[in-house]
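The structures come next, written out as structure tokens.
Each of the next two complexes has chain A plus one more chain, namely chain B in the first and chain C in the second.
Our next item is the complex of A and B:
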């Protein structure tokens, strides 16, 4: 099973090969990156198959551990844990990464720094694979941070423009706010358990509820940053300034799901706490609905998808908060495929229409045949329409909520499902139907279409794996109950219908402007992103900048002022002293007069700072000290 | 072996002094050769070091026999990384300064003299010897800043000199007090002198002033930005890379094991100063408009993590402290070198004027981004190791958890000032000052590469460093517990 090690190492090696090359060589060597992830994908299939028989949640098919640090009583190390959860994640990550990398050959081919782009994609893939294979929380944290760096680099990839520069910084710092929580959670964990190993902290010990609550909530805070949960979600819409395929991989399918993965892994600690589960449920519900509403008022196609991602991640948190590990993980898997599919489709649409603004699109359906079909599949999955994958996983989540008696969360989730279907329809009709606004529309090349086809195919079939997936993770697998299926389908259908009613019909029966004016303050709040960005800007970022500047002045004026003041007073005193010394004492000693030097010269020498004088002083003190010791000691 | 490492550079100084005026350019070759041999010897030391063996390579004989002053050198797992660091950074500083034109003989002689003092401090196990080396360091650094520095060099050099001298006078008082009480200058023997807690408290205070100025700890830090801004690049590298560590090394070598009761009493105070230094340094760094000043204040913040680990007094904390000392030396060395290399080309260090390095000079920009990311403590690079361990150690100690949380917020603030620097300097389209400059030459890349390798090596395989540090720290905490 040693080949498991190669799964994360191959993309890491690709990064190590590409990064030091010159730009020209690197641009020519992107095949290294694609090849590495393709091999990783093949190995992941092998690893997945190996975990199949008798797969059970707590049972590892393969476990390896290499210590890298000995500190006090603890041995810290890098470990590989292949179990059903990590095996499924391996498949998701490598497949989406492979699709994105192939797609990028076409999408990025004109970029002069395509080599660097691929290098960072490789590093990201390596980090994400390391994360899902981690057997301890420290390694998971390390990989988590490296992914954050890759996200930063890719968001700011076109750094000559200001928006990507700003967005990358915002993304890194906002997620790092969450990471502080994660890190302190690690401190608490280590303080109690003396280790970060899953085997001990998840399965090997009884957590006191208070400690468990502390760790779980701190971890959750970290997850909220990474997985863009309310109110730390503000970085993700801005992150759309990066290249679209990178958004598909990092900001839709994989990295943003890492927070969900963290909570899923740490679920035993959340369960030991109880309170933390409720908080997770609340955070997830609020995010699912709020982000869905925010998606409904965006005009930028990528931002719709970004808010949609936030909302769907909220769904996953809802599932985990209700204790539904299988449902949460399954939604992570299905979402990874259909959302990356949507992003890749959006990339084609943006290239064809030369805009990201949906108001300037329309009628693309006639020209972009393949894109239309695949994008439609993705849309239906997102809206939760049978038989596409999103339907199955969303249904599982709703079922868990019903079974566990979380009726409020269930109601919110259904409402969010309605909103989701509505914004999906809104997007779809605006882009593909209606009057064509751009001439010269071209379908993309095959290297872009084939990955989309693959992801679309997966989106069609993977939902049927729903019971098998549950069984694979060691739980009872069931087909969805008919009542729930019909109910959620009705919700989705009505949402789609509303979208069609407002945006799909040739003759506008509904005056959207009138509606906007009627609910002006609601609409205004949504368009202004619930004023969160402004709040952070005015109450955190600017005050920090102001205070830092003030501290800078305080440092040079007050603290250093004291030092300089002390120096000046001492110099004034010393000048008096030296004058006395030079004229009176020295004068007396050197009575002959020819050795008398002018007092002014002495003083000037001091002021210019003859270091020998001071050194002499120290040596003098030392000598005196030694003499004294010798005299006293003998 | 140790004496050779310490005094070999002195031979270099003599050789350089004998050079005639016409052949003064040979000074850099002599300095390079001597520093290289010294680094090789320091590496051999590391190779032959027995990690479980405690104090090793001991050289001990009476110096002034009547009063018990000894010539006593030795290294353990805490001092060994520091010796290696100072040997490495000396070589780096010498090679980075090859182009120096003003009085090259004196310049290289000063760097070598500095190496004598630095290595001596980390090896001396007798207080008088320690003090002599400690003060010896001041002189060459004073001249490096005062002669080869920027426009306000005389002010900065004098401030550096007087400020640290002010501190070390108190240290001297502490040494004398210890001698009068225990009758020995032997640093190792003093660890079981059985000193009374009250006495310890006062002596700790005296040493605190001496060491805290050097570290520097808030609010005794204002000499640092001035010294850095005026110092030539090589001096900045050695100042931040090695000289600051003398202060924290003093805490670990002297204050903790000799005055353990006082260390426990002083711990809340040290913890508070550490947390304040971290956040304060980060905030002030954020406000800087001069690249070098930004890096200087970042040092105040990073050294705060060292102090946090020391205040914790736990095995993880002290190990973390030593790891930060090592990593900060390497990473900040890189940053100062790069800022210097950019300055040589653009003739400005004003952040606003330098923009878009990555388009114009991708190698320099890439390395600068790398160093910045290492500095903000990304896991996988060396900065994370120590900062994480000192946080772990601090959380495990008795200190108020609020300080640890404040310190953890400092990690976020480090990302803010470092990445904002990257955003303004490295990214974007090239500014006027950057438009025509050339990328790094092979010599400059060669200077930086070993530092890059160490940053990666220690960051990925922590035991590369910790295998030396951890056993020594365990011995130390055992002493403190007893």
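Our next item is the complex of A and C:
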């Protein structure tokens, strides 16, 4: 089963080819990238079939390991682990990736840097596939960070504009906050277990509750950053500044689900802790409801979908927090398909309407037939309407909550389901019904519509795999109970009805402004994103910038001052040395010369040139000597 | 009044001083050379006188005086030849004119 290695390696090879040649290859880049991911998809199907009929995650269908470092007794290395969870994730990632890449042919064909775009998409796909095939947490973390890099690159793809630039930085830094938690969790894990291997860490050892709590909470923090959970969700709505297909792949279907995947993988540790499960449940329910409410006041179609993604990811965390691995993973799978479908539909809508603001859309239903049908399927799946996939996975989550007795979480989830149905209806009616505001509406090309059709088809049928999926993961699988199904359908229907009541009726238009004014505080808080961005701005970004500015001043004044002062004092010292040299050393040399010269000048006067003078001198000295002898005696 | 060594010495001293004075004060080179001869002869007188009074039998002083006179004659011959050469060069024999070695 060595072909499993080729699944992540093919897109990685595509990246290696495209990264240096991205400028030269345009259509070639598309062929390389799409070809690689298509092959990966086919191999994923083969791998998936090989794992059938599934079973518990501890029983891997394929496991390969290459050690590359020895740390003490521990062996670090790269490994591939094919078990039911990773096999299903492989299918999801490669299928969505393939659809998005094919869609991008049409969406990005006018862009100059399409080669680079495909290169990063390939790198992302390779990283995501490496992540789901990891057999240890260290490799998972490495792939996790590569995905963060790709996310950064794709959000800031149009870096000529300011908004994508800022959004990419915000996304990168915010997820990095969570990643620090993840990294510390890894250190704690290595410190206690001495290994990162799934087999040992998840199934082969008994965790002390305190250690398990520490690791699980730190992992959860990392997952909250990656999966945009409250209060680290602020980056995802801004990340919509990137190209829409990239949003569909990374910020809806796959990368943001990596946090859910991480928690799902580490679920044995969470269960050993207990506390961490409760925290996951709380984080998930708060996020599911809050993000749903935020989605219902947004006007930007992509931001509605972004908040919806956050809310649905919250759902998955709720499921995992209640111990429902199958429910959480199944919602991940269904959500990946219908949310990427919705994003791709939104891309067509944005291309057609030339705006992202839903207030400037309307009446698109008549012109974009295929998009309308597929988008409606996605919307109904998101709202949780029978028989679309969202209905099944949402019901499974609600069933888990009911069985485990988390009634508060169940109530919140039902409320979130109601809100979800409401904003879905709001979006749908605003975009497809109502007065047409832009002329020259045109349907997208086939290369964009076919992936949407594929995803829509999957969305329609995948829900019926619900019990089979549970069985595949090695758990008891059964159809949702009729009572729960009726209850959740009623909630979804009432939400849709409220949306229709507010935005869908042609005869009587509700004065939404009056309602907004009546609930001024609530509406204001929601429009301002619960003031979280402002809070971060005031309590983190601004103080950080102030400190940075202060440090900058410290740098330019004190450090530069010290350096400059040292330079200046050296110069002064050198000047003193120069003066010493010029005056004392040169002075000594010159003075000596001068002394000799002046002495010579004086002595030469004796040399008068008259013989008689010399003679006189001689006589004088002789006389003086004789006198000396006479007076003193010999 | 008998003549003693003191008289000879006085005569020699007077002659030497006269010669010295002449050497130091005359402008003409010829005069200077002549005064030099005077000084040499003062010494010769002293030699003869000391020889006569101290070692009359040996006659060393007399011998030395004769030797000295021969040397003086040679010296004056050489000196006059030099003066003649200088005169040919400069048209003068004044000592003050010869100051090439002035410092």
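One rule holds for everything that comes next: the second predicted complex is superposed on the first by the 547 of 634 C-alpha atoms of A that agree within 3 Å, B and C clash if a C-alpha of one lies under 4 Å from a C-alpha of the other, contacts with A are read in each partner's own complex, and residues count from 1 in each chain.
To be clear about the criterion, a contact is a pair of C-beta atoms (placed from the backbone, for glycine too) under 8 Å apart; a residue touches a chain by one contact, two chains touch by 3 or more.
Predicted, not measured: the structure shown is a model, and the values here were computed from it.
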item: Which superposed partner A:441 touches (first chain B, second chain C, both, neither); value: neither
item: Partner chain(s) touched by A:481 [first = chain B, second = chain C, both, neither]; value: neither
item: Chain B or chain C, by number of chain A residues touched; value: B
item: Contacts of A:559 with chain B and chain C, given as first, second, both or neither; value: first
item: Touching both chain B and chain C, residues of chain A; value: 608-609, 611, 615
item: Chain A-touching residues of chain C, taken from the complex the two chains share; value: 20, 23-25, 32, 95-96, 98-103
item: Touching residues (chain side chain A, partner chain B) in the complex; value: 23, 67-74, 76, 141-143, 145-146, 149, 152, 156, 159-160, 165, 168-169, 172-173, 176-177, 179-180, 183-184, 186-188, 190-191, 544-545, 547-549, 551-552, 555-556, 559-560, 563, 567, 608-609, 611, 614-615, 618, 621-622, 625-626, 629-630, 633-634
item: Residue ranges of chain A touching chain C (in the complex, touch as defined); value: 603-612, 615-616, 619
item: Complex contacts: residues of chain B adjacent to chain A; value: 64, 66-67, 69, 131-132, 135, 138-139, 142-143, 146, 154, 157-159, 161-163, 165, 172, 176, 179, 219, 221-223, 226, 280, 283-284, 286-288, 314-316, 319, 356, 358-359, 362, 373, 378-380, 384-385, 388-389, 391-392, 395-396, 404-405, 408-409, 411-412, 415-416, 419-420, 423, 427-429, 460-463, 466-467, 470, 473-474
